[in-house]
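Next up is a structure, given as structure tokens.
The letters A, B, C and D name the chains in turn, as written, and every chain counts its residues from 1.
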Amino acid sequence: MTMLLELEGVTKRFGGLTALDGVALDVRAGEVRGLIGPNGSGKSTLFHVASGVHRADGGRIVFAGEPILGRSSDAIARLGLARTFQDIQLFYDMTVLENAMVGCHRLSRAGALAAMLRPPWVAAEERMIRERAREALAFVGLVDLAAERARSIPYGHQRLLEIARALAAEPRLMLLDEPAAGMNPTETRALMHHIARLVDRGVTVFLVEHNMKMVMDICQRITVLNYGKVIASGTPAEVQADAGVVEAYLGGVAAG
Amino acid sequence: MLTITDLSVAYGPIEVLKGVSLEVAEGAIVALIGGNGAGKTTTLNTISGLLRPVRGEIRFAGARVDGTPPERIVAAGIAQVPEGRKVFRNLTVHECLLMGGLVRRDRAGVAADVERMYGLFPRLRERHRQLAGTLSGGEQQMLAFGRALVARPRLLLLDEPSMGLAPKIVADIARLIADIRRDGMTILLVEQNAAMALALADRGYVLEAGRIVLEADAKSLLEDERVKRAYLGL
Amino acid sequence: MRVLLAASAVAFGLGASAAGAQQVIKIGVVGPMTGAFAAVGQSEITGAEMRAKEINAAGGKYKIELVTEDDASNCDQTVNATVKLITKDNVVAVLGAMNSPCALAMVPITRRYKTPQFTAGVGTSITKQGSDYVFRIAVGSIGQTRELAAFAIDKLGQSKFAVIYSDDEYGASMANGFKDALAARGMQPLVFDSVPRADQDFTGQLTKIKASGATALFTTGAFTFSALMAKQAKQLGMSLQLLGDTGNASPKYIELGGDAVEGAVLVEPYTPADPDPKLQAFTAKYKQQYGRDPDGWVAEHYDAVEMIHQAVLKSGKIDRQTVRDFAASLKAPGTFRGILGDWTFDATGDASFNLYKVQIKGGQKVILAR
Amino acid sequence: MDIQTLGQLVLSGLTIGCVYSLVGLGFALTLRATELINFAQGEMVMLGSFIGLTLLTTTGLPYAAVFVLVAIAVGLVGVLLERTILRPILDRRAPLLNLLIATLGLSIALQALAIIVWGREPVAYPRLFSDEPVMVLGLRVQALNLWILGLGLGVMAALHWFFQHTMTGVSWRAASLDPATAALFGVNRRRNVALTFAISAAVGGAAGVLIAPLFFASFGIGHSVIVKAFAAGAIGGFGIVGTMLGGLALGVIETLAAGIVSSDYKNVITYSALLVILMVFYRPTARAGRSITEGAKVVASDVVDLMSGDRRRAALLVAGGAALWLAFLLLADTYALRITNMALIAAIAVLGLQLVVGYTGQFSFGHAAFYGVGAYASTLLTMKLGVPFVLAVPLAGATAALAGLLVAPVLRLSGHFLAIATLAMGEIVQLLMLNWKWLTNGAYGIYGIPLPSFAGWELESEEGFFVLISGVLALVYLLLRRLTRSRFGRSLVAVRENELAAMSSGIRADRQKITAFVVGSACAGVAGALYAHYIAYISPESFSFLASVQMVTMVVIGGLGSLPGGIVGALAVALLPEMLRALADYRLVVYGGLLILFMMFLPGGLADIGRRAWRLAARVRA
């Protein structure tokens, strides 16, 4: 198994606060990897650093064999890393379909000049984009809402739309930041099903989630972050048995 | 003391709370737990008057307060320690504490209460001229507590007080909450750290996707299998 | 929009029929009634209006109707307004614009529609476009500055000049004219600097002048600018012989400048200081109607209206070409005499009359020479 | 230069700097409390100068007393304006751009009202103090300057004290940092906004009564300082102390520049310094703040578009448009054609701006600069190099595009910093037109620009121009329509809607923004070229900041993010003042008032009306 994403000694500081403190972690191609930890432990920061939204202050990040620390988020996205956000980030005034179409950006190439002159290949490309976007929507079951504005669809669907947009880019690695947040149990079950199918399509998934049941059920390996440091890494069973993890999650208060 | 009945709140077309009802008895700590996005913060912000409900009502000490502007709510005796602390970064520690007493008429009383907070949190006294943004996370949380307490509330709303804090400091915060309660404060505590919240609370509610799915006294919630699996990671 | 235009046409039609047997001479006036140069536009309108009222009150064969359009010193609006005056209001001649660039922008239009344009804009290029239909009713920048420079050198004994101009077409024309006039006498200004039009603080420029050792200062631009220069020079304790062109010849210059402009020497086409009874009567009448002394612009537009009136009277035709030909025929003194004296236009359409050299003494203008 | 002179320059710079600081504070305060750039701030200065004059001449009160009274009076005016005009718009959560246009309308209307009340001519203040200079540290200083410095610095000190040491001041600062949390502790947002407007207007009025004795009271007095004052705020990061220091620094810099270097380049130096400061210090804050177009009912997708969906309907629309066009060509009179032609030229430039502002969400206060570049390029190419018209126009577009590319680095800024940077950029371009005399003929401008000619046939008639201009407009419209409905167009809207998500989808946000800006500049360049050959005379004055502001107005009135809206907006804004000619003095009062009303009741622009009407029609037919 090859390593798709590798982090080594990654450190990120915000002012006086050290959000990530020498984090080392690797994601293997083809696995579903979980990242858990208390709120504020640095999980989202790690995703931001890995996807280029924030620049790490130190360490090494390699994605698909290329060092990516210091590259911009769009450059990293073009390498095949797609992601969703904890606080959903959609193009709210665009339609559901158009959101997914923007996801196809990395797979197409028509620029401003081509758009104005519109040679035949541009029309073909546009059709391709539309098809792929529809397919991505169909994958998460949103195709019926294609013409709705992203703003006006329910919260759970907005989360799925973010996943569809990421999927439309045909990524190698998908980072999902709390995909089940705000979903009811039925929606969460459907989401788990979607993630399993993603893996079947050959997409590697790296996710942050608070819903323990979901994490334990679908992840092959889990890394636990606390106070910006990795405190445990291993299979769900190993992590659950780790005394340090229990301590961190319970915040030092005896839980009876 | 606080009674919420069938509360629904929406951001634009999207309903975030779908008929929430809960009750906080005088002198009690009530925990509201749930995952991110479940609607916990929305509940607190609606109580504080920052959001207007679409349906339902909120009664505080017998009077309806839903739809009342936030400055009246805080004057009526409900103060909030918001999620992520939200200290005023470019104000000094002292000014932040004074902000807590903004709606109070008695300047002398505010000054005395600020002094009391310095007694309670000696770190804040040391740094009273420093900008709040330069404090550490734990110190900011103390400041946020102090700021809310200067308002002299009867009901304190706490939004994720443990968030992003080291275990040792979380323990300090838990002790602080217990102390405040011992002085007779009523507290509505929103937490993702369910273990900590339920250990402190008398009663607990579980919020999922805008609905209350469980409610019971805290002890029995801690024993509940669903809660254990979903929120305690056990 | 067409409805509105139609409505205004109807309104004009009614106005004409109410005038009865009198024939109406329609004259267009375009200039700045709003914006930074609104005060200059005020002189333009009132001058034309005063003569029009007199003619109408006399009840002769012809009645003057002025159609006034604001251009806010914006050349696009000038052109729009000119087209409106010519094609919609069917005026026999257009007075304006006041701002040289705007007057310049009008030239292609008045030439195309063969409509005489009488402008007080002094910019050199206005009459250089080869149009037969443009007449400058003021003394151009070259003529003015030549007279001013000669007077300053010969009669005031100055040789160390500083020139500060506002950075627009007017200021540049005047300043360069002055510089050329000095060069013709083998002199160079010690300071030759421009200021952005919106600026109001000139300490920097004045400091430079002080350092240069100049003894005379020629400022050109809006009179507000010149008055401010004078005030700030005085505040810095500088005593300079101030020189000004016709742009400063407004009574406002003295009012705004106060004792800072005491001693300034100006050239102007009209001065209320002239003891000539006819001119004194004109001054008194204007003052009674508009509450201040008339300036050169007032007199120029007053005369222009009368010139158009004369052209129509002489030919008996209300016709653009007739008015143009009449103006073009004024080659020698004696054909048409107005407040400013005998009117003549050279081949390019430039008017020429002697300018008064006046000095401000005790807040009043005193004639030094003509 | 001796130390004496240097001291004199610095002192004078500080005096004018005081005024920049005060007016700049007004900008900074409203900006921080409401994120609004208040164009009417200059009119508070104007009101201050006139009210001060009236009080001085009628009551004979001492200057200091008048100063205080004026500050109070103008402060009350500020509250009144906030209550009646700005609050209703703020309450609708209208996009910031709409508010900006409303304050612009307010500024126009107040200036026009001032003309009606106080007349067109500037009025000198009565002499307040002896002209005898006082010697301070070996410098000759006028008593007046000392008063200005003293009162100005006094007001600033008082404001500083207010914001640092009173509970109201502290709560104001808290609310400007984090309104939601401040509300939790009892800061009433509305009251806070009203307070902000009161203070901003009061310091503006105070500034007016300070500068008027130096510069005369006139309706345009505020106009001359607001750009510099805004720059002062930007230099100080729109902080309270920062703006005070920024204004003083700016005053000193520009006075020294005029005294030591050349006054020709004084403002070039000032604006360049401003650009450098912005680019160096304000990049990190780039992504902060609400976007200017947020909340706008912008067209983002083709589902709400008029043309798509139904081919027959589209054909009908095109046919109807063509018929209207032909009817206008045949029936309109010369004047109507003339003003329509001018408006259509503006529309071409506005389409380009629509791409930048409406689709990309970037602010530009310098669009007229590219219009000017195009005008000069085509003029010089045809007159100096003999390039034929049909080649000169596209080349002018290319030149403007190149100019757009050159200044594109400013696009790294965002929000208000981008606004001020584009403004400075526009001013610099205009100043270069003035100062590169060998090329542009400086302030004289260039006259005798040849008419368009096609293989020896000269275009002269208004009808001919109408055909030419509307043809170019149609072409530009078609190209931009294709552009906006493409992968590229979607990526622009994506960047505007959510830059973070756009970049995470692989979109090079900076490059897309720059491309849009360059295309927008090219449109302006083509429009400028047509303008030059149509009007036959150009000078730097035609391409000022005000022209840029008017283009932004056209975009907003037309409707953000709508290409047909851009055209209709240009027509409406260009033709409205012409239609109001009959109102004479009241013309601009009505025009300004209409702008305000429009922003109050039609925040979505004319495009929104069109969309609603279309949907209604579609429903009726269905």
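By our rule, a residue touches a chain if its C-beta (ideal position, glycine included) is under 8 Å from a C-beta of that chain, and two chains touch if they have at least 3 such contacts.
Fair warning: this is a prediction, and the values are worked out from it, not measured in the lab.
Novice: Find the most central chain, measuring centrality by the gap between its CA centroid and the centroid of all protein CA atoms shown.
Specialist: D
Novice: If you average the Cα atoms of chain A and of chain D to get two centres, how far apart are those centres in Å?
Specialist: Computed from C-alpha means, the inter-chain centre distance equals 41 Å.
Novice: Taking the mean of the C-alpha atoms as each chain's centre, how many Å separate chain B from chain D?
Specialist: Chain centres of chain B and chain D, defined by C-alpha means, are spaced 45 Å apart.
Novice: Roughly how many whole angstrom separate the Cα centroids of chain A and chain B?
Specialist: The computed centroid separation for chain A versus chain B comes out at 31 Å.
Novice: Could you put a whole-Å number on the gap between the CA centroids of chain A and chain C?
Specialist: Centres of chain A and chain C (C-alpha means) sit 73 Å apart.
Novice: Got the chain B residues that touch at least 2 other chains?
Specialist: none
Novice: Residues of chain C that contact two or more other chains, please.
Specialist: none
Novice: For chain D, give me the residues that contact two or more of the other chains.
Specialist: Nothing qualifies.
Novice: What kind of graph do the touching chains make: line, ring, star, complete, other?
Specialist: The chain contacts form none of line, ring, star or complete graph.
Novice: Once the touch criterion is applied, which pairs of chains come out as touching?
Specialist: Pairwise, the chains that meet the contact rule are A-B, A-D, B-D, C-D.
Novice: In their shared complex, at which residues does chain C touch chain D?
Specialist: Contacts found on chain C: 1-2, 4-5, 8, 33-36, 38-39, 41-42, 68-70, 74-77, 79-81, 83-84, 87-88, 101, 104-105, 107-108, 112, 123-125, 129, 167-169, 171-173, 193-196, 198-205, 207-208, 210-211, 224, 227-228, 231-232, 234-237, 252, 255-256, 258-259.
Novice: Applying the document's contact rule, which stretches of chain A touch chain D when the two form their complex?
Specialist: Residues 51-53, 72-74, 77-78, 82-83, 85, 89-95, 98, 101-103, 105-106, 108, 110-112, 114-116, 118, 122, 125-126, 129, 147, 149, 165, 169 of chain A touch chain D in their complex.
Novice: Under the stated contact criterion, what part of chain D meets chain A in this complex?
Specialist: 298, 300-301, 303, 479-480, 482-483, 486-491, 493-494, 497-498, 500-509, 515-516, 519
Novice: Spell out the residues on chain D that touch chain B in their complex, using ranges where they run on.
Specialist: Touch list, chain D to chain B: 167, 170-171, 173-174, 177-178, 180-188.
Novice: Give the list of chain B residues in touch with chain D in this complex.
Specialist: Of all residues in chain B, those touching chain D are 48-50, 69-71, 74-75, 79-80, 82, 86, 88-91, 95-96, 98-100, 102-103, 147, 151.
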